[in-house]
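Both complexes shown next keep chain A, but they swap its partner, so chain B is in the first and chain C is in the second.
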Partner chain A sequence: MELQARKLFDRSLTGISIMAVVLMSLSLLVLLAPIFSRGLGAFFFRGTSEFRRLALEQFNRGNAQEVAGEIRIVGAARRPVYEMLSAFEDELDGMDPTRRQGYRVELKEIKSLLRELLGPLPGELEAVMLRQQYGQTRWDRALVKLGAILYSEEWDYSDTRSMGKKVLRSRQKAFAGTRLESLFPYLENNLSGMLRPRFTFYWRFLTDRSLDSHFFGGIWPEILGTIYLTLGAMLLAIPFGIIAAIYLSEFASGGRLVSLLRVCISTLAGVPSIVFGLFGLAFFINTLHLSGSKSVLAGSATLALLILPTIIRASEEALKAVPHTYKEAALSLGASPLRMVLTVLLPAALPGILTGIIISMGRAAGETAPIIFTAAVSVGRPLKLWETLSQPTPALPWNIYNLATEHQAVDEIRHVQFGMVLTLVLLVLLLNLAAILLRARISKKMRG
Partner chain B sequence: MDENGQKAHITCQDFSFFYGDNQAVKNITQDFASYQVTAIIGPSGCGKSTLLRSINRMNDLIPGSRTAGRMLFDGQEIYGPRLDVVTLRRRIGMVFQKPNPFPKSIFNNIAYGRRLHGRLGQDELQAVVETSLQRAGLWDEVKDRLEDNALSLSGGQQQRLCIARALAVDPEIVLMDEPTSALDPRATARIEDLIAELRGRYTIIIVTHNMQQAARVSDFTAFLYEGNLIEYGQTARMFTKPREKQTEDYMTGRFG
Partner chain C sequence: MSDAASRLRRLAAFFSQGFLLLATALSLVAVLLIIAYIARDAVPFFKLRGLKELFSSTAWFPSGQPAEFGALAIFIGSGLVTLGSILVAVPLGIAAAIALSDILPYRARQLVKPVIEILAALPSVAYGFFALVIFAPLLQNRGGSLLALAAWLIALPLGLLIIFVISEMAVRSVREDVAKAARLILAAALTAILVRALLALSAVLNKVAISSGTNALNVSVILGIMALPTIVSVAEDSLQAAGRELREGSYALGATRAETLFKVIIPASGSGIIAAVILGVMRAIGETMVVWMASGNAAQIPTPWFNFLSPVRTLTATIAGDMGEADQVLGSGRYHVLFALALCLLLTSFAANLASEWILRRQQRRLGGLK
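Our next item is the complex of A and B:
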């Protein structure tokens, strides 16, 4: 009986473990799938003629002759639209004032939507903002704009029991009988000819700077900023962390002072990241004046403090795990304690130390709160190396938040937000993968 | 000069060792002969390893330990304030009970000690490694795979590697703390042969709980019991005509 009970227990234990792994994988999938599918949309999409025109004029990419030719073709397809518009405006002038007013308002709306869709209307003055100089660069966004042109949103408050319902009203019906009525079906049927969508692989999303608050362009400043901040944090935290770990594991005498030190390190590990951010602002910027205001230097220093406890802990564990027989052998051959640490202890503890470092790297790359006050700005250009000492920078984690909440046109740039998220996730994933591989290689070399 | 007319390499004068309040080595006064093999035997916990590790000050690593009395190496006080421990440990090497090669290549294991004490050209280093491995009787087995990781060797080979590593820094004394207790009989026999070969070139002090090994390998034997040195003398005589009753009881297996 006992054997059967044990078998049942074993099987249920295995079953529970398998279920836990499956559950975890599913949640990971649920989390990552939309990130990947929508994030890839920032790289793979159907780009319009406006996209290619922008690439040529702003980034100097593409064949000028091809683009010019395309502009002509597209212009020909669009001409009927503009002709219908001017014909309707003439019709308006001859209309009675009451009808005219209603149409005028809606016409203004339609014209501004057309500008967003196709770009500046012919004969108009050069727009000030870059986003007004181009139409939709992405076909999926163009279709959304088309929908807004074809149907207007109205609120129906007739049902008193519920809040207003959103109803779509066909504009074609609204303009029935006018010269503008045929605009809508023409637009619907010929939009692809006016924008010529083509499958585009915009890998330069990663290397282009952003234009006009991320309306166009890529996310290179954010990526570079994240790289600067992470590398800076590592440069500051790694030496201090490893030296502290060596002291704690090899040279500390275990007295009251050392216990206090350990308590401090543990406490530091539990401080909320936003407190780090405020501390960074108060100490590095306002007190030490490392920089006049926000800068990559201050941000890196703050991030370094954040990851320091992790590095110290992981390194100390790794150092303590080295068999003391290695240390004895080294000392018995006439190595001073410091040389023993440098030539035998540290190399043997390297896999563990590296793991701690890479985990911290992933954390530093993704932390938002510490850089809010110390380093991050919403719009910026890629910094040169020496500028990092005094200049702030955009960074992936914070700009994701910023673009998703405080941007003027959050819905317009969804693809950029998801693209940033995908990039950040991939960056951290790649870092961790590199760590695992590096650690495996070193372990193998040491095991013989 | 000690009682047997040998020149002394290590001299203990009323030497004691304490782990905190516990006195593990009690007032030992004895010379250890140069370039001979001396075995320290005794039951478990009698302080033989402690005494051995006191000679090259490896017990310094243990917190709360202290010594009393004097121990001299070539007339110099080992526990004196001006003694350089690093140099001491170069001149007095040690082989441990469990083989402990570094997780490095065979070559780098042997070269490690040599590299600690000065810069050497690659050729000189190569020569030192070869000589040490030959002296330890391991050269033929590993000469084609010096770059292999030392942990890939068998237990007996690893221990010979550790001996070669200790010899590479050119010590005067080699301390061995139960060097064969973790090895199989064949590897044990090889190490015992090795000790016989090293005799005359190095002073060897070997701690062993195996009396037969002491009888086979050593010229002089010291018998410790509960921290006290009960008897010391030439091995041949001690095993046939021990002077102290305790010694005789231990050797005939009446206790320990």
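Our next item is the complex of A and C:
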């Protein structure tokens, strides 16, 4: 009996620990699933005729004749809407003032929603903001706007004990008996004729500049900024990292100094990333004056310090994994230690070192806190190479934060936010995948 | 070889080694510079306002007239979020480390390793975005049922295990022929009680309305997941370091795998596990983006202090959020107070790092001695 109990205890431990692993894997899945499914929505979606008009007018892309033809077709489909509006406005003038007032307010609301849905109403002045010159470019957003036209949201506070409840009120009923009543069923049934949604693969999302603070267009400035920052950080950190690893693995002979250096490396690895950001501000910008204010250079230098320990550790591991026989053979042939390192050790350890470098590249690309005060701005254009020395840049991680929290229309541009997150996550995942494959090849080679 | 040539060669070797050492010393220089420059901008604050206000007052109005710099609520917020992430990450992380080092077969391990690597590699802003855009609305709309589900998931397996142990211990002294029946009855009764209690608990939890999804609970869960990879990999390394000999010795004496783990391996590698926890916790304390985006950023002490459903504000989020507004050129009080907070963070991370380093090194020596 006792034995059975011990066995059962053993099994339950197995069960619990496997459950922990499953939970961990599940949490990764739960994390990545929405990022992937909704992030792909920035690339694959049903683009409306407004999308093609925008592409032609802003990016000079697409067939001008085709777009003009399409504008004519959707114009014909939209005409009844505008006719109904003007008919209702005529009717409104003849109404008694008390009834008119309530309708006026709601008509104004409907008109502004229609403007958002289909673009400027005919006969109106050209709007300044780009977002007011075009209707909804995406069918999914258009359906949301349609919903807002068909039903107005109201809050029901009649139950004082709980929070207010959202109630949808049909506008068609509100306008029952007027000439506007038929607008709503017409919109609902003919919206696809007015916008002509068509499946679109917008890979240019990656290479387009953003228009009107990310209402339209792509994320190229952010991607370019991230590339600059990452490459700059690698450029600064790799030489120091590899040299330090060579010294620590080959030349250091125990001793106080070396153990102090090792402690410093692990300490540096543990410094919170936001402290790196403050340090970059206080040292690189306010003391060294690398640049007048934020710049890619200052951000890269800060990131370089952040990833230095990772590179040192990975390189040291790789150098240590090179078989002793290699070194001894080189030394016995009369090579100096330095020459042995350069001609035998480094080439043999190179794949391992590369693995470490690739992984720390992913880290540098994704870090936000260090670049907040040193390099990142919310809105900017793509920089030229020489401008990186003095100019700040938008960057993927910072702009994800910025668009998700500080943008004036957070809900309208969810697809851009998800697209950015997906781009960043894919970048990091691809780098890591490369590292994993590289490592697999090394271990295969080592086994012979 | 001539004398001169060999001297030249020795000189070259000396200089090249000196050069290598110099480049290696960059880490040392960087650490010193970081301390110096954070402290340099933190000291004016302490000179101006002293120590007491920062650590004892809860009035945080750095841009008020007059300005007030009471960061107690912020320290408590950081502490609360860290505590929460420990509760999530430590049990899960240690259990997963045990599975990886002792339980899963080789092939399954190779499948799980990339999961850990990806969890570690995902950018913190992606976690923060998930917390803000997906997890927070979920908590706000379905918070009660989510809590109830979590309660069932955690309490049921653990409760069953405890019931099993209790009933086992209770029938120790009973006569052999009735023991089986007694154990069965006891276990059934306790299980019924457990299920009833859980039903009652989940009924209560179901009614909980979460007014804002950006709160300490949200951040704790996400930070816990972020700390997992560190805890799992360091703890697994130290479990592995205990070595085959100890395990085989224990198995040879007739111990089961669970007994071997609890009585031999974990005592032998316990300090390494503690180091793993310290490193994981540091990741949670130092994390910025998740807490900035999803903690609610309200500088207040929750009532009661362990109320995870209320919004909090942490050190890192305060630094990140207030630095933009702070007058950087003039070096005002609210500029320096952020450096004072950063100094606190920095000192904590130094202490934690040195502690984990020391623990790991001691363990290495001890296990080295065992072999």
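In this text, the second predicted complex is superposed on the first by the 406 of 448 C-alpha atoms of A that agree within 3 Å, B and C clash if a C-alpha of one lies under 4 Å from a C-alpha of the other, contacts with A are read in each partner's own complex, and residues count from 1 in each chain.
The criterion applied here is as follows: contacts are C-beta pairs under 8 Å (C-beta built on N, C-alpha and C of every residue); 3 or more make two chains touch, one makes a residue touch a chain.
Values in this document were obtained by computation on a predicted structure and should not be read as measured data.
Novice: Touching A:180, do we find chain B (first), chain C (second), both, or neither?
Specialist: So A:180 meets neither chain B nor chain C here.
Novice: If you stack the two complexes on chain A, which partner ends up touching A:301: first (chain B), second (chain C), both, or neither?
Specialist: It touches nothing on chain B or chain C.
Novice: Per the contact definition in the header, classify A:348: touching chain B only (first), chain C only (second), both, or neither.
Specialist: Touch status of A:348: first partner only.
Novice: In the superposed arrangement, which partner chain does A:373 touch: chain B (first), chain C (second), both, or neither?
Specialist: second
Novice: Touch test for A:290: chain B only (first), chain C only (second), both, or neither?
Specialist: neither
Novice: Now for A:336: first (chain B), second (chain C), both, or neither, which partner does it touch?
Specialist: In the superposed model, A:336 contacts both chain B and chain C.
Novice: Kindly classify A:325 by the partners it touches after superposition: chain B alone (first), chain C alone (second), both, or neither?
Specialist: Touch partner of A:325: chain B, not chain C.
Novice: Who contacts more of chain A, chain B or chain C?
Specialist: Tallying touched residues of chain A, the top partner is C.
Novice: Can A:236 be said to touch chain B (first), chain C (second), both, or neither?
Specialist: Neither chain B nor chain C is touched by A:236.
Novice: Which chain A residues are contacted by chain C in one complex and by chain B in the other?
Specialist: Touching chain B in the first complex and chain C in the second, residues 336 of chain A appear in both lists.
Novice: Mind pulling up the chain C residues that touch chain A in the complex?
Specialist: Per the touch definition, chain C meets chain A at residues 9, 12-13, 16-17, 19-21, 23-28, 30-31, 33-34, 37-38, 40-41, 91-93, 95-96, 98-100, 103-104, 112, 114-119, 121-130, 132-134, 157, 161, 164-165, 168, 176, 179-180, 209, 211, 225, 228, 232, 256-259, 261, 279, 282, 285-289, 292-293, 316, 319-320, 323-324, 328, 338-339, 342, 345-346, 349-350, 352-354, 357.
Novice: Residues of chain B touching chain A in their complex?
Specialist: Result: residues 56, 58, 61, 63, 86-90, 93-94, 96, 98, 100-104, 112-113, 116-117, 148-152, 162, 165-166, 169 of chain B touch chain A.
Novice: Which bits of chain A are touching chain B when the two form their complex?
Specialist: For this pair, the touching residues of chain A are 253-254, 323, 325-326, 328-336, 339, 343-344, 347-348, 445-448.
Novice: What residues of chain A sit close enough to touch chain C in their complex?
Specialist: Contact set of chain A toward chain C: 1, 5-10, 12-21, 23-25, 27-28, 31, 34-35, 162-163, 239-240, 243-244, 246-248, 251-252, 260-261, 263-279, 281-283, 286-287, 305, 308-309, 312, 336-338, 359, 362-363, 365-369, 372-373, 397-398, 400-401, 404-405, 414, 417, 421, 424-425, 428-429, 431-432, 436.
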